[in-house]
Amino acid sequence: MDVVDRILGTKKTADSNGHAPVDSGLITDLAALTTQRTPWQSVQLARELKRPHSIEVINGVFDKFEELHGDRGYRDDPAVVGGIAELEGVGPVVVVAQQRGSTTEENIARSFGMPYPEGYRKAIRLYRMAEKFHLPLVTLVDTPGAYPGPEAEERGQAEAIAKSISTMCGLQTPIVAVILGEGGSGGALSLAVGDVVLALQNAIYSVISPEGAAAILWRSATEAEKAANALKLAASDLLRLGIVDGLIPEPAGGAHTDSAATIAAIKTAIVAQVDHLGRVPIADLLSARYERYRHIGTVVEPLAGIAPAPKTEPFWRRIMRGI
Amino acid sequence: MDVVDRILGTKKTADSNGHAPVDSGLITDLAALTTQRTPWQSVQLARELKRPHSIEVINGVFDKFEELHGDRGYRDDPAVVGGIAELEGVGPVVVVAQQRGSTTEENIARSFGMPYPEGYRKAIRLYRMAEKFHLPLVTLVDTPGAYPGPEAEERGQAEAIAKSISTMCGLQTPIVAVILGEGGSGGALSLAVGDVVLALQNAIYSVISPEGAAAILWRSATEAEKAANALKLAASDLLRLGIVDGLIPEPAGGAHTDSAATIAAIKTAIVAQVDHLGRVPIADLLSARYERYRHIGTVVEPLAGIAPAPKTEPFWRRIMRGI
Amino acid sequence: MPFGRQRKEFPSHLWTQCPTCAEMLFNKQLARNNMVCTKCEHHFRLGARERIELLADKGSFTEHDVDLTSGDPLGFTDQKPYPQRIQQSQAKSGEKDAAICGTVRIDENQVELAVMDFDFMGGSMGSVVGEKLTRAGERALANRTPLIIVSSSGGARMQEGTLSLMQMAKILGALHRLDEAGLPYVSVVTDPTTGGVLASFASLGDIILAEPNALIGFSGARVTSETIGEKLPKGFQRAEFVLAHGFVDQVVPRAQLRERLAYFLNAFRPSARDLRWSL
Amino acid sequence: MPFGRQRKEFPSHLWTQCPTCAEMLFNKQLARNNMVCTKCEHHFRLGARERIELLADKGSFTEHDVDLTSGDPLGFTDQKPYPQRIQQSQAKSGEKDAAICGTVRIDENQVELAVMDFDFMGGSMGSVVGEKLTRAGERALANRTPLIIVSSSGGARMQEGTLSLMQMAKILGALHRLDEAGLPYVSVVTDPTTGGVLASFASLGDIILAEPNALIGFSGARVTSETIGEKLPKGFQRAEFVLAHGFVDQVVPRAQLRERLAYFLNAFRPSARDLRWSL
């Protein structure tokens, strides 16, 4: 595939320029995972109140973050934080993140990191700004999901999520998405369509919360641990399934035991990925982004042969690693 | 100017195809105005409750109107009516209009034809639909102004109007705007940026209502008639100032005395204009639209010579008439 | 049906009671009326094959991707294994999964048509639905024809976990290409359309049509109600409510759906005029 | 100033009372602090020339269209003739009309800067303001530089009738071309910005910055209040209110405005990277 070749060529040029390998500091091989946790342990760690949240991560990873507010239509949603910041060695980027609180007051003010439609519409506005000014886009995902209240329904939660995903699909600028903690369903995906999608080692990303799945499928909320196992929502599962491209290692006790080290690892990963993607022609990037999602999923087609999930690494992960 | 030449060339081709002259049925020469009314009489006629309003005009001018609803963000505003319709001899077009009521109940339901921000956002959505599917856009203007309540302010009345005007400035499809009755300030302009702007003979179009101007400038709302004279808001004044390109004649007693005849005249005018504009390459159309507004206004520049309002017909009116 | 006497007089394989007007409806007549109550116009759910029958020009339907079936990428088991659920649904419905796709003509317009089937695991969207809808979008792009998707779904399929979630991005990627190519996409939203289906392709049509009284919402009303701990407004998440809030273009009775779609397809068909405009 | 004693102690050509904290401020000190109260940071209105001084790199301002003045296209007379109003405003302010435009450098970025002057007929927008701002936009497009407009206006100028209204479309036409060319436009909204100025260029910046407590609204609060016949919410139409409702990016204290503008101009400056992206 010539897109792959062109992108890999770009990568080699970057390497010979003295840059570090793009996957430096990332776990892209499951065998390299030293700590093994159960999915349920990951769920607990991902939701840990003291886990570094988006604003703390933004302030640690980027310089001179200037927050930008508002959706130009209804409200500034504090559950979504976005703006422009400097990324060391790269230059200005646009950052969009979900922000959950570390205290009860902050959680109430930010609706526990559950965006309203206007939060997604603010995100879309900032995506378009990134595109207009050719700034790479970095998103940080950390949400239990989109806010499920009646006002959110009335103002078009579904429409806002759909448009956010659609906008990211065609956005003419590089996108790096990082799942920091909890990636809750469509409310997370609407910030997580990217050229490269990374996850922290103990992050989770799921189509439904384990509690929700337990209530529906096991008819008992107490079976959440069982559901967490079945849903394959842990970062290591997501890596294996080709949903994320690499894991950012956390300290042995979890990210909250050493925020500074965690944030340093996030910074290393983001710098490498944004730097690499910035060297790829935008048309190639958009083709690869389309293909990245195009090939996720497992279908069986008896007459035309079987097309199950790729047993080897998907090509976009090879692109990322430059091999 | 080569754009003008190209557009005039297009016009000649249309004529030699057996089409009627584009200004047929229009008053483009003030000397041809047989009925002379005072501006204040025009204000009364423009606001006449029984004057044909947008839905009646749409149903008379177009075939098979299918209304489309909603702004995809907050609400469907009944003060703005829009959709797709067939225009005889032309094909499908997008129509967007302000709708005031003919009864008190309808007026309350449609907030007296004063759109909320979501009304303008619905309009913008339909403009984009016209652009995507290469459908000409016809707008009908009839509003006292944008709704001035606190909810409209909170949801961004100013932003919605600004974006609507801006969208029309760059919209890649022909636009014909018709001022049916009252053209109230920015709330009207947000539907009235066009390649050709027509007005009914007794329509008005003003930066502020005569009552509002009287209250501010004469410090007395009873001086509204004086203000109406001073503001030059009558259709004949607008034609002279180059703000509208032609007048659609009304029956001697005013449009409300013979709706059918009025609507027939509107149809003749719209068909001719849309048909003509549909023959002009879109790049030329956008250049001429830019120039149309670019040259409205009177400034004096002592060092560089005087650039007052054009004494002869502005070029875009010549384009419309094909001379 | 509160009375035993009624039950005997109206055996359920012959009669259905209308939940809106309580009229007992003869099943054959109900089917002949496209599952709309002949007395009060209550819209019952319509099967995917019947929907295609209703919309397509007679005999114009050519089905695609007939044999695409689901894998079990997660080895998922809740109260029974996922492959067993699939097999049972296939046996019960006679369909391979929750979407049927094909090329049709509607009033002479060639169109890619995809219809979701609520009877198959609640119309849930897993890899097969994602793949079939994406291919439908890609075929529309390749043939430069419009795309129509009729939605009816509880959302993403939990048994394929995050892979189901990714189908939203996969389908929207294809729809985005369709949009950039200037091709029409019409979304028809039927009862019920919720969750990840509503939060992706169902909400983004150039034209969005809904059926009367269809349940249309992102979060289940139960979840929403629990969130605020109070009763929801009347008509909440019903088609007419969603219309008033600006998210669908029209609520169209089923009897008019075919002609309405034909109208929009004809309006959006490129004309000779377009060539001149591209000068 | 309720007491005669105070009036003598604080003659108004030397002192100004802060309307927020009631502190008596020495005029020279107030001017040195860019018309911000030294005690409570209340932002007084700032003249257009002082604004340019505040924002532009020292000595970098080259004014354009200095001598553009208003005609009287309508022969407008209210309580006095329009030309007389213009002349009086010119004599009082020393300016020709309600906007001053020029090319400046801000932190080494060449920028077209337009500043409205509320002191000139309430900053009202007639043909001259429309023409000057449009030319500023066209210069930015020609030179491929950013554009900054600092708004302060009661809206369109009634004395030029519908011609004033048309200036909104004229300016937005130029801004639309700027946007299509990928050039940045930053709107700075200061006290007060209302009517047709807010409903056009002031509301459409890539970045929109407002000054603290600035009055920002489409309809006058009096009109709005009469419409509902009740009191308005606290802080209605003030910068912080408008921020909470999503229509401005930041409320920026005047002391930080210059560096904040510089930050965004630098962030939006095309880099070598862009060339590669256009491949």
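Should a chain be cited, it is by its letter among A, B, C and D, assigned in written order, with residues numbered from 1 in that chain.
Just so we're on the same page, contacts are C-beta pairs under 8 Å (C-beta built on N, C-alpha and C of every residue); 3 or more make two chains touch, one makes a residue touch a chain.
Computed from a prediction, not measured in an experiment: that's the story for all the values here.
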Chain pair showing more contacts of the two, A-D and A-C: A-C
Separation of mean Cα positions, chain D and chain A [Å, integer]: 40
Between chain D and chain B, distance of the C-alpha-averaged centres to the nearest whole Å: 30
Computed distance of Cα centres, chain D from chain C, in Å: 51
Where chain A touches two or more other chains at once, by residue number: 72-74, 155-156, 159
Residues of chain C engaged with two or more neighbouring chains: 245-247
Every chain pair in contact, whichever chains are involved: A-B, A-C, A-D, B-C, B-D
Residue numbers on chain A that touch chain D, as the complex places them: 64, 66-76, 84, 91-92, 118, 122, 129, 132-135, 173, 278-279, 281-283
Residues of chain C defined as touching chain A within the complex: 65, 67-74, 76-79, 126-128, 130-131, 134, 156-158, 160-170, 172-177, 180, 195-196, 198-204, 217-219, 223-224, 227-228, 232-233, 236-237, 245-247
In the complex with chain A, residue positions of chain B that touch it: 72-74, 117, 121, 155-156, 159
Chain A residues within the chain C interface of the complex: 146-150, 152-159, 161-163, 165-166, 168-170, 185-186, 189-190, 193, 205-208, 213, 216-218, 227, 230-233, 238, 241, 243, 289-290, 293-294, 296-303, 308-309
Residues of chain D defined as touching chain A within the complex: 179, 182, 184, 206-207, 243-250, 260, 263-264, 266-268, 270-271, 273-274, 276-279
